[in-house]
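These are the structures, in structure tokens.
First chain A sits with chain B, and in the next complex the same chain sits with chain C.
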Partner chain A sequence: MAPRGFIITFDALLAVSLLFVAALIMYTQTFQPVAPRGVYLKQVTLDVMTVMEKTGRIGIAIDGNSSAVREIMEATGESVCMQLTLKSSNGTSIATISKTGCSDYGKELQVAIQPVFYNGNSYIAKAESWYNKQ
Partner chain B sequence: MKVYTAYGSYKGHRGFVITLASLGLIMLLVAFSSTLHNNYLSLERALLEPRPLLYAAFIFDSVAQDLNTIAGPQINITQTNSSTRILIADTVPNENFSSQLASYESFIETILANETHSTIRANFSNMSAGMLRLSINGNYNYTNNQTGAEMLFISDGTGGTNATVYEIFVSIIKTRASVQNFVFDPGGDLNISITYTDLNGTGTASGKILSNQANNFVLTYDDGSRFTLLVGRTGSSNGALRINTQNLTANISFTVTLPAINETKKTGYEYDAVLEYVQGKVKKSGKIAK
Partner chain C sequence: MDDLNKTSKAQVWTIDFLAGATAMSVILLFFILLWNNSANRWNNANEYRMMLTDAVFASEALIATPGEPENWEMFGQINNSNISAIGLADGRNELNVLKIEKLVSQNSSSYSFVRQRLGLQKYEFGFRVTDLKKNVTYYQYGQFAGGLNKSVIFDRIGIINGSAVILHMEVWK
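Showing the complex of A and B:
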């Protein structure tokens, strides 16, 4: 009798552990779509930079007026935060312009850097984007 | 032969079968899970892998924008089902942008490369003597030579541009002495109109010319300076446009109507300047184009 009881118990344990494995497998199927969010954020960052440069807004910001740049940033929607830093060719920071309502960096930080030629001088424009924590 | 199981009889067979079936189901579940996970990973790779290349293309586009700011020209290309219209605005002679170009070349090879943690090599030597050379739509060449004070729009290779209309606007800040107009031909195949503005006012001329002949239009100013426009044949190209100036600066804008580009060509233009961008495994090199 004793060996049979042991085997039955062992069989039951095996069945329970199989169920546990099955549950674990099903649980791990809930993937977080991290990559598409990052890709989307990168694309938004590059698009914003392109619009800013081609419409001459970065040049206006270099001249000291940040409103034209901020206008584009505000158009990116509430979930996206953005900050633009402008540096001269010798590395001196000229301006840092942040989107309203964005403070600390959140998840999925994306960075895009581009050269800007304006009024006979070369500058570096660096845009950092992240998803708003709220 | 009787088989006894933990349950002590043939009935035990059922438990054995259930256990086997459970194992089989679990293995099936694992296989499905693995396939799903691999599919997800391949989707992720498909989305993520082009990203560095996307950024390389962004850098190319940005450099092209800057090159256009430095060397010009203002250019707009529109395409319809039946025709292509190219608008170019520039000056003759062109500004000497050589020093700005050299400075910008150094800037992107050092400062930009450091900022982006990449290796960037630029070669703008073909534009270094104030020579602006563009290939447009893969069919036409536009050059503006600062040294020779010459603007040229011709077909790429032999043959002609097949242009049907030229609309030209010229602005010169000088006092005009004389005008040598085109000799129009009602049987011509190329419509041309020119509007010229100077200190005397604005003059216009329009009509048809033959695209396989050299048709000249000359403005002479009271200090002896000259503006010479040739439309038609120049070198081995028909339907071309050539402008030369002597001792004056002319602001020029012209629109040319051309046949629609065929489906193997792309609308756009590329400078005679080369850029190479390397970051990790990503490498993109080629002419700077917009």
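Showing the complex of A and C:
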């Protein structure tokens, strides 16, 4: 009788353990609203590109002064990382300017590309944004 | 002996039954609580997602569209059925000072109407136009929660008279 009882108890423990594992998995699930964050990131990327272009800051960056562009990038929220790449029309890289504290890419990359006409030459400005890893 | 066996068997069965029922009840209760907790978290996440979506689209309407009709700021009262949409921009991200000033001057009388036209009927909202470092507030409209309620807070970047500004927006419940 005793071994049989032990086996039944062991079975029950195993079953209950499995239930608790399942419950633990369910409990630790996080519900992250993903889609709207991507939309917001896209909008911020377009905001930055539009404002930089309309206020002439991209032209200043082409001339070699990145501070005006950086000022706009730093004004985006803490969770947003950003990098601006400027190229001439033949693909030669002119400048790559990153927001402070942003190194490698994180979550949900968004890209905006804008052709820029400045001092009689054509350039390509590419803004890449992503959410900080923290 | 027969009597003794019957008594023992009946007692064991009762203890087994009680133990099983108790274990089952505990497990059932645990799963009901877990289900309730999960449902609450799902509802909160869904509510936040809806609030964020509405807030993002409202900010887009403000910063990227002129409104409908485009010259709505010329109307005496904003609270006017002829105004079907509210926007503050002449072109994308180019904020029109006259539109902002009109809105701010009728803050209390137009608030409910503007909220409705921006699709934020279910929430309260407010926005501030500041310099890039947020040291100077140029304009302020609506109501702010002060961080006490469930809220969605974010910044957009615009232009006023050639200068870059921040449109800080808070939507809350």
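Basically, the second predicted complex is superposed on the first by the 103 of 134 C-alpha atoms of A that agree within 3 Å, B and C clash if a C-alpha of one lies under 4 Å from a C-alpha of the other, contacts with A are read in each partner's own complex, and residues count from 1 in each chain.
Following the convention adopted for this analysis, a contact is a pair of C-beta atoms (placed from the backbone, for glycine too) under 8 Å apart; a residue touches a chain by one contact, two chains touch by 3 or more.
Owing to the predicted nature of the structure, the values given are computational and were not obtained by experimental measurement.
By the touch criterion defined above, A:Asp11 reaches chain B but does not reach chain C. In the superposition on chain A, contact of A:Val48 is made with chain C only, not with chain B.
By the document's definition of touching, of the two partners only chain C reaches A:Ala75; chain B does not. In the superposition on chain A, contact is made by A:Ala23 with chain C only, not with chain B. When both complexes are overlaid on chain A, the residue A:Gln114 reaches chain B alone and has no touch with chain C.
In the superposition on chain A, A:Val39 makes contact with both chain B and chain C. Contacts of A:Ser89 after superposition: chain B is touched, whereas chain C is not reached. Common to the chain B-facing and chain C-facing surfaces of chain A are residues 26, 29, 31, 35-36, 39, 43, 46, 50, 54.
Across the interface of their complex, chain A is touched by residues 23, 27, 30-31, 34, 37-38, 41-42, 44-46, 48-49, 52-53, 56, 59-60, 63, 91-94, 132-133, 154-159, 162-164, 166 of chain C. Contact residues on chain A toward chain C in their complex (touch as defined above): 12, 16, 19, 23, 26-27, 29, 31-33, 35-37, 39-40, 43-44, 46-48, 50-51, 54-55, 71-72, 74-77. Across the interface of their complex, chain A is touched by residues 6-8, 15, 19, 22-23, 25-26, 29-30, 33, 36, 40, 43-44, 47-48, 51, 54-55, 58-59, 61-63, 65-66, 69-70, 100, 103-104, 107-108, 111-112, 115-116 of chain B.
Contacts from chain A toward chain B in the complex involve residues 4, 7-8, 11, 14-15, 18, 21-22, 25-26, 28-29, 31, 35-36, 38-39, 42-43, 46, 49-50, 53-54, 89, 91, 112-118, 120, 122, 124, 126.
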